[in-house]
């Protein structure tokens, strides 16, 4: 085990995942937040950017060079947009900093798939093999040894936790999986846009990114791993008028004589020792996991079809909470520290 | 064509569909609201029950006998719970009143299916063959001649309008249809219950009635008719934190070389002359149909699967607006009267 | 009475008041919408700008010159920002078009007050004496004869309807009036801004414009008229997480032995013949007037203080509904046409 | 200092303040939750009552006698309704248990005032002098020595923190204070009622309890203490469509030449060392304090009137967070433990 890290920096601290990370890390007894990065020049106090933190953290947001970060921090959480993130991560890793990257840049193993879906050249493709996908329920051992963790997307977290064990156990068919996901609006980030303008999205509901959402190949990749054969899901996200939460309702074809009971048993076995995944009997409800790092999941066989439903908080288990969970694993802290 | 009816009564006027009916009928130039029924005894003024109607309608809610109704009204809108509704309707039809029934009692053609799903003996099964299902997009001619209309369920309206033309045209397979529907909370009625308590369902999302919702056989019945062979859908409703609106995201298997274009063309052809159904290119958004009698629908083929999405206002196109549309058809009024 | 106008144009049709005007006017049996103006160049179809209108109106938004407007319309509703509005109105009036101006440009009688609060030179100050303030409850006769109506602000409508009759009747003191108003987010317009970004204003509440809101002098002006002596209110608006509605809770000092009963009697007398103002016993609730042109108002004397509370829909009675009401009065239509 | 307590029980654990207490106490390193009381008989598991706690706490809710509580706990948090609470507290104190009472029973010093406003005979009036009002910003020293703490009401917390220092400093007049408060719906408790039915209170806003709300005498009592002369406020609460948060907008008359600067200086001085009160420049926003134990407060002088605005989370600083803060003080723990 490494020496315990406790000096932490956050790049891209002005968004919602940045705020949530700060909130969680302020509860972490072994962490000192030392630097908050921004690409803007004004050096605002963190309480100007996040009035929620008034009186709780006395730091300014700064444009930080990799060298400055290396002097001040042992671990960097990177909350930058894709491509910008990999550019920063490349430099931070050269300086031997541990990095937890909340962007999509190191999630897809195949550079070509990345470039096709994200429409940019990958700035740091050579490092892809070094990155570990930060879903502890799948890769806990690897995360413990990692220096670069690709923090999972919010939708993929909900979909993979629902379906991975059932594909692995051969209980559902890899073909024809439909994932109908619904997310609160914070998942869209902090930049004002017409679609997130309150009077437009309040009291409304719509599907978006139909057939084009970038989380689709990320889900495919890990379900393919679970199934041992190519999986191509149809993933359809929806925007729901609430701040937080993702509910994924997954439709699949059961194999053989799989029943509600066999599906539930497989989920219970997979998650028996997991600190943050609960297999529940009633349909999961996003409010029951909001503001927590937990995932609730259930399964049914109805009319010959398998239905698997999971709920998470998109900003916590779907982003910043998972990042802290990964940080704890990487640094030998108790996995649940700051996450209860 | 009959003599134009204009004396109208509403039974079960204290709920949300009752309120919405009154609002719409107050805009109808040929209608006089003459009686509002309730099963309670207090005879409250309608503005006490619905403060929204203050200054707009001077009627009291009363416990009304069929005979009283026959003296005061030509048409009765019946917004009672299932079973109670059929008991009332039976008497009203004996007295030769036209009835538009917003309950589920006359929607299912097979008494046994009704009794299995609703868990009660049908109080008026002999009349089932006389009832016309009040979806003008399917049965306009029959509605014009009907004296008893079974107003469709809110979820079935959204699902049938999305899928009927595509099954009819043989573009999607009758097997394996999954309907993932999301509804605003007014769909649950006006009686306070824990699940509808504001701090429970606000900022939350969940599936409910998984595999057991009573709208499932209603959807089956009409999609079976469209397909010409038995259809068994998996229908999964969700509760969304908003007042109004249903979005149904329907997953099906395209037949042959069906494409987005062929699906859209079939929808456009089916609804070319419909006053209230719009085939739209962008994903339908419930806000765009809220407080209207309209349905927006679109279709896609993605990764070899067909996706059909529809949006309605559950209280208007999904209930009271459709009822007024049926009333207009039954009485020879312009179909859109009071519904623009 | 003039010839009945029926050709109507809307300038600034892409915002929320524009949408609401179109919705209402589509219900008006004597109106033909002939032109929709925009300052942008793309000439989008109205259904692209307002998908709510799909299938209901086949017009494009255009940059329209005053001359074009004069050829196509008899009346213009002007929904432009302040100053831009007066520039357009000046030209339209020169061409003898009737104008209902929804901006603030003709509401304040004193050009200096306008220029002080709005920070711009008034582009058409000479015309201020010709404009009639479009609050029918105060100026119905003048509106009937007017060719330029200054449609009231949303907050002033709620405050003036609450307080005018009580000041006029000498029941409350002109000194020390505090108006605590709360508005839904649509009042902030359609342009995305951080403060209206869903995850910022959802599940939140704040005061804004404390001591600086531009509706303060507008309220002062009319309450001064009611009192017959200078009134300076303290007006504090709040942003509430809902689409629509304004609730104004007004605090004043009762004069002499004014009681709840005398205040209520004065309100009832003032509004006895008003088609859209209801004096109610229970505290007004914005939902009870949402999507209507109505105002609910009540009053109490508690612990020696007078409390007057009013509720309106900010986009209807507070903007577009009032505009249609004024249009009806100006053109000899029944005042309630299109507003039930 | 006493021996550190760590065995804690909660009576009335099935409501929202109970849930919030459990959540906070699960983060407290020195606390073991040993018993959860209910007045119902079914002994449900806490995760059935609060699915949010699935996997986090393995306790059942039980009907507990005072003796059982004395065996299992050192401190009891009492979340029962008024009157029922005092009956339980009396017995618990006889058994020498420390009690933090979240009901209103020990907040008012004068039994007659209590009985007048609550309409019941006080079941334990003799103990009133022993209770300390649990607002640490006013009574920290007394709380440290207390064995019975009366946890403040949510509205009073927001109003007293806003006004106490200004009255104490003689900067605002004790006469004519109006407090316009707005609360999220969780303040109404967990029992379904028509007024809290989602489709009734969503997208709506109203005043309630006008002139009759029971928090009025509680506010009076402490502002009277601050002023050194009788204070009678007019307190008007409003129900806002959001889960959490109270915003109190307080109107008062400044004394002498008090300015924004003198008011702000007095607030800053009063709260300089407070861990949970922030004097802020911008208008407080409930979202900035939601899910925290903090209070944001600001003041202005506008048009000769003083305006003081405060924001808290009604369930945390307004209830359960304050209770934990009091618990920490009573037991010699760091005041902020479990509250960051």
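Here the chain labels run A, B, C and D in written order, and each chain numbers its own residues starting at 1.
Basically, contacts are C-beta pairs under 8 Å (C-beta built on N, C-alpha and C of every residue); 3 or more make two chains touch, one makes a residue touch a chain.
A quick note: this is a predicted structure, and the numbers were derived from the prediction, not measured.
The chain with its C-alpha centre at the largest distance from the centre of chain A is C. The greater number of contacting C-beta pairs, out of the two interfaces B-C and A-C, is seen for A-C.
If you average the Cα atoms of chain B and of chain C, the two centres end up 36 Å apart. The distance from the centre of chain A to the centre of chain B, each centre being the mean of the chain's C-alpha atoms, comes to 40 Å. With centres taken as mean Cα positions, chain C sits 46 Å from chain A.
For chain D, residues touching at least two other chains, in rising order: 184, 200-203, 241-243, 285, 287-288.
Those residues of chain D that touch chain C in the shared complex are 176, 178, 180, 182, 184, 200-208, 210-211, 232-234, 236, 238, 240-245, 247, 249, 251, 253, 283-288, 290, 300, 302-303, 305, 307, 309, 311. Residue ranges on chain B touching chain D, taken from their complex, read 16, 184-186, 188, 190-194, 196-203, 241-243. Partner chain C is touched in their complex by these residues of chain B: 26-27, 51-52, 54-56, 203, 278, 280, 282, 285, 287-289, 291-292, 294, 296, 340.
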